[in-house]
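Each of the two complexes below includes chain A, the first together with chain B, the second together with chain C.
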Partner chain A sequence: MKKSAINYFLIAPALLISIAIILVPGILTIIMSFTDWNGISPNINFIGLGNFQELFADDVFWKSIFNNVKWTILFLTIPVALALLVSALLVEKKKSRSLYQVIFLIPYVLAPAVNAMLWLNIIFNPMSGVIGYLRTIGLDIGSPLTNMSGALYAVAAVDIWHYWGYLSVIYLAALRQTPTDQVEAARVDGCNAWQVFRYVYFPSMKSTFKLMYVMIIIFSFLAFDYIKLLTGGGPAHSTEVLGTYAYTFAFSALQVGKASAVGLFMSFFGMIASVIYTKLSKNEEIA
Partner chain B sequence: MKLKRILSILLVLAMTVGMMAGCGKKSSESADDGKSDGAKEEIVMWFWGAEPYAQKVLNANLADKYNASQDKYTLKIEYRNSVDSDMTTALAANKGPDIVYGSGPSFVMPLVEAGKLEPMDKYAEQYGWADRILKPIYESGTVDGKLYSLANSLNTVGVFYNKKVLEDNGWAVPTTVAEMEKIMDEAMAKGMYASVTGNKGWKPVNENYASLFLTHYAGADTVYKCLKGEEKWNNEAVVSAIEKSAEWYDKGYLAGKDYGNMNFSEALQMLADERSPFFIGPTLGYQWAQSFFTDDKVDNLAFIPFPATDKVTEPTYTLSVCCTFSINANVAQDHKDEAAKIIDIMMQPEFTEEMTSVWPGYWGTPLKDLSTVDVESMTGLSKSYMETIKNIAAAVNDGNFGYYTNVFFPSATQQVFIDIENVWYGTESASDLMDKADTEFTKELEKGLVPPVPQAGVKAE
Partner chain C sequence: MVSTKGKKVRKNISTHLVLIFISCISLGPILLVVLNSFKSHAEIVRNPLSLPTVFHFENYVTAWETGKFSTGFINSMILSGITIIIVLIAASLAGYVLAGKRIKGSDGVLVYFMMAMTVPIQLFLFPLYYAMASLDLIGNIPAVSLILSATSMPLAVFLMRTFFLNVPRELEEAARIDGASTWQVIWHVMRPVVSPGLITVAVIVGLQSWNEYLITSTFLQGEDSFTATLGFLSMNGTYSSDQAILMAAAVIMIAPIVIFFVCIQKYFVDGMASGAVKG
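Then we have the complex of A and B:
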């Protein structure tokens, strides 16, 4: 009984934080999604499914979901492939890998606002950036951020540039857990580099790989900062995602009820990913 | 083991204490305290994150002067980059500063409806604001006949031009849109930008052009009827005005392919560097222009109202304000009184002169009588700006003004006009966009969220 009381006492701070800043706001968000609250007024009217009906009839909302899906696919492929390749190469570089890790982590530890300013001024700037320079040598090109078909990929490129190094470091840490005797045994048995990675290294990092996969899906549906900083969801909503659209509803159009409804969709996709991960982890444990 | 347990309990206690401390309130963010560490009480004002030189001049001319004028209170100005969202969040929780900064009357409307702002009529009477402030601007700060906000400055969208570029190319200052379009065509043929501007980093820049085309192509009378609910937004005049803006965008008149890749600072730098004859933008652009029109370039910059169209032939200004000031309803009475006193300091011609002489572009106080502001003693862009403000004030007094979306349009409708770029990029027709405007506006009109709209075309008494 005494031990149990101490246990409850020990988990109390985490529980309180979870209730105060996750559970309560979460429940309030669900409730608000059925209202026309503007974020300030004490007058809150329940409008049933009104916000959801309006969202379902809104092309920009569907465009945002589609962009989130595209964003997820981009992040599940490019940085993952890049990080796997680099971490597999670095795992053998025992002396120099620390330096590489620091270099790769630099974009990740810089604030998104700093990274966005760097790209806006050094790459995309029409006067002083790479775009401006290319124009001076006769290549009259516009910024991909202003191109409807290329803007999402341009923003994703910046975010991937900031993210892949971090993923490499995580993968490298997982690869380093592989028992060296297994690696050596595989080599003695005549495995080539690919076979060593495929049959020895990768199985040992599989749980980390799966976890990061799920985290990428969750974060992709929460994408906001780089899009807001680089394009604000434009041009003409071509880079709009659920996060930026919810922000516009909440702080520009003062439609917090509708913003809450959009927020629920963001959480919904993340929840699906979490449930799948939990299920897979459970099966793994049983196995 | 025992040591570990004790350590764990100590850590839990430390976290709990930390959490409790974190839940405590900062005095400067609280609406109902305001005691500073000394004997003086703090009167808090939030402001946007202006440039350091601008903060310095505002502190000197407002905070320092007010603080030196008495010994009971001290004015603290907090500069916040996210002031709009900070303000709504704080006021929703009955917190926030004593003096409420707002980005325009349409920002103020929901706050009034929620009872977060103090009516300022008794202060208006005490300080004679109704007699001193331009009637359309004063009225725009009222709701149901009560005053809730005062604008700090007139602002309009017009045409900045580089005198040297026009002279070097043998172009006269345009008086009609046809003349301006001809110059822009010739500029592009010479490899220059037709005009420089852009919405990089701030999508609401689009509403400058939505407002401009509504004023000069749809006409202020049509917009007035729409804002009063007497006419639908999807009418021929408004749709045609939106389509005209798309025509300009297609022709490259709005910085060509760089509209989305240029901000106002970069645009003004390009104008100073003679890479374009025009910058079509708000008069608050003067504050950034002074970084680029320096030394021998100072006299190159000039400003004209948007040239005459077939519909609007008189010099007409799309009426806007830089920001508004209100009083928090949830602060102590003496703080409200002091807040009003501080707001009144900002409504004085002396303040206009002091601020504008260092920070042109943001403090063109909307006074009926600006004759005491000594323009001749000003130099550089301050002089040009003050002359422009005097012209705007005279035109507004004569009823020659249009309606800027961020001042006179309710929030969700305003958002539709920011989406004017959907029409420019061809993802939506002007008619469909205006259908959306009708849908949002109808809901906001029913909820009483449309700001008061002064009638254009009527000369003030």
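Then we have the complex of A and C:
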């Protein structure tokens, strides 16, 4: 293919926007993580690894990482299992599957802000929500969002409710690429439903399954919206994750240097996962 | 034969029962919001699961005014509209170039976009915020559109690249032999073929920017620049005592998206699937 100069001009808008908004500020963040900048003062002092030393000595920082890990484990199990089950059920329902897909995707296409307010007020509100009503009829399950040990699970439940339908649609799209004659052949050979899924359907979605696994790990370390909206990281940092922790440093405590250091950590986990992701998708292209 | 047929029917029914049960979990909270939006606050507190006795349609009028939705929806449309236009132009041109590996370092650019897609917003948010503040761009909707464009760009580029990869090479070669320039190839040959891709990207980017929370809530301060989402969120503090109004406001937020999604779901599902399945 001819590499004429006009092609550089064509790719420029996308690349320049990305460089100006993401790459340059990203590099600035890396530099800022070694300073004590507060966002306002023109005095910026390099303090070496000071921010990182303070972070490592901070219990909330470790709590946040631990919560991110918990979040990752929750998302790698519950929505994955649910989406696998549903996509396996839907792959043979040729007539009704688009209706079910639309239903399962509705929570996914609604804004996190709307979903969070909806659960906060109609489900979790101890006065006017379903939780409050259950208590009046004698079924007291406490107040999940203000409970130190349960709040993270309550928030994750809302995010999983919003997310899993998307995963099932991706899985289903991959399963549909299975050649139907292979499925028929397995049936004729007397395979039961589980065997057909395990040995015929699943191999054809394996690459998608692996890629989504990596994507879930990456996005679990970026978790922010639902936690910020439902608990703001509380009560007493029990739902704090790196995303909310960095945000609070930057805009409430005005410690931009420290916020940058946390941001750098978030990227670090994502970077490891995305290297794996790139490797995996390269292998897929060759295969 | 009869017994296997009976078994099949039973299996079919139990599959649908499972799917219907899961559908109820997906839609239940949303239906509860619709139900309660017609009740009074006192009724909701008494029992959030009961049916409304009298329909309080005035909840919607109050909600529309307190949520400042007339400004909010216009701002949301401007924000999403500008973002869609920027992304469509930039991502389709980039997708065309990258699909044909038409520049040196195409692979490098792809790896860069792969990284940009997975990077946390917190990695570039803070310097960007203080830079925008010093340029007096906080609350400036087009400026925020540009930021949202940058965050949507990688996925849009990958999707457009996939659509361009599916265009037969002969199509462009034939046009080139007839003496078409690159612009003519893109506009007259490629655009009609990849137009389903353009719609898919527009739908995904539109929904993303309409629903966005972290960037919009950081950069759009001051009620005049509030999107529908931010206006709705601002009600939670001020009107937390009246659940009925809040529920009506939630329906105002939910209904347009659900109607829009049901109409365009084919493009959305295709786009999501091709983005992930084909990598």
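In this section, the second predicted complex is superposed on the first by the 271 of 287 C-alpha atoms of A that agree within 3 Å, B and C clash if a C-alpha of one lies under 4 Å from a C-alpha of the other, contacts with A are read in each partner's own complex, and residues count from 1 in each chain.
Following the convention adopted for this analysis, contacts are C-beta pairs under 8 Å (C-beta built on N, C-alpha and C of every residue); 3 or more make two chains touch, one makes a residue touch a chain.
From a predicted model like this one, the values you see are computed outputs, not experimental measurements.
Enquirer: Per the contact definition in the header, classify A:N38: touching chain B only (first), chain C only (second), both, or neither.
Expert: So A:N38 only meets chain B here.
Enquirer: A:F224 in the overlay: touching chain B, chain C, both, or neither? Say first, second, both or neither.
Expert: second
Enquirer: Which chain, chain B or chain C, ends up touching more residues of chain A in the combined arrangement?
Expert: C
Enquirer: Could you tell me if A:A174 is touching chain B, chain C, both of them or neither one (first, second, both, neither)?
Expert: A:A174 sits against chain C, while chain B stays out of touch.
Enquirer: In the overlay, answer first, second, both or neither for which of chain B and chain C A:I17 touches.
Expert: After superposing on A, A:I17 lies in contact with both chain B and chain C.
Enquirer: In the overlay, answer first, second, both or neither for which of chain B and chain C A:A81 touches.
Expert: A:A81 sits against neither chain B nor chain C.
Enquirer: I'd like to know which partner A:S252 touches here: chain B for first, chain C for second, both or neither.
Expert: first
Enquirer: Applying the document's definition of touch, where does A:L145 land relative to chain B and chain C: first, second, both, or neither?
Expert: Touch partner of A:L145: chain B, not chain C.
Enquirer: So in the superposed three-chain picture, is A:G234 touching just chain B, just chain C, both, or none of them (first/second/both/neither)?
Expert: first
Enquirer: With the two structures laid over each other on chain A, which partner does A:N125 touch: chain B (first), chain C (second), both, or neither?
Expert: both
Enquirer: What residues on chain A does chain C touch that chain B touches too?
Expert: 6, 10, 13, 17, 39, 120, 125, 127, 229, 251
Enquirer: Which bits of chain C are touching chain A when the two form their complex?
Expert: So the residues of chain C touching chain A come out as 15-16, 18-19, 22-23, 25-27, 29-30, 32-33, 36, 41, 44-45, 47-49, 86, 89-91, 93-94, 96-98, 100-104, 109, 111-116, 118-131, 146-147, 149-151, 153-154, 157, 182, 186, 207, 210-214, 218, 229-230, 232-233, 236, 243, 246-247, 250, 253-254, 257-258, 261-262, 265, 268-269, 272-274, 276-277, 279.
Enquirer: Quick check: in the complex, which residue numbers of chain A touch chain B?
Expert: 6, 9-10, 12-13, 16-17, 38-43, 120, 124-127, 131, 142-143, 145-146, 148, 229, 231-238, 248, 251-255
Enquirer: If you look only at chain A, which of its residues touch chain C in the complex?
Expert: 1-4, 6-8, 10-11, 13-15, 17-18, 20-23, 25-26, 28-29, 32, 39, 82, 85-86, 89-90, 93, 96, 98, 100-107, 109-114, 117-123, 125, 127-130, 132-133, 161, 165-166, 169-170, 172-174, 177, 208, 211-212, 215, 218, 221-222, 224-225, 228-229, 242-243, 246-247, 250-251, 256, 259-260, 262-264, 266-267, 270-271, 273-274, 277-278, 281, 284-285
Enquirer: Can you name the residues of chain B that touch chain A in the complex?
Expert: 5, 8-9, 12, 15-16, 19, 84-85, 88-89, 91-92, 110-111, 113-116, 199-204, 257-262, 266, 269-270, 411-412, 414-415, 418-419, 421-422, 424-425, 427-428, 440
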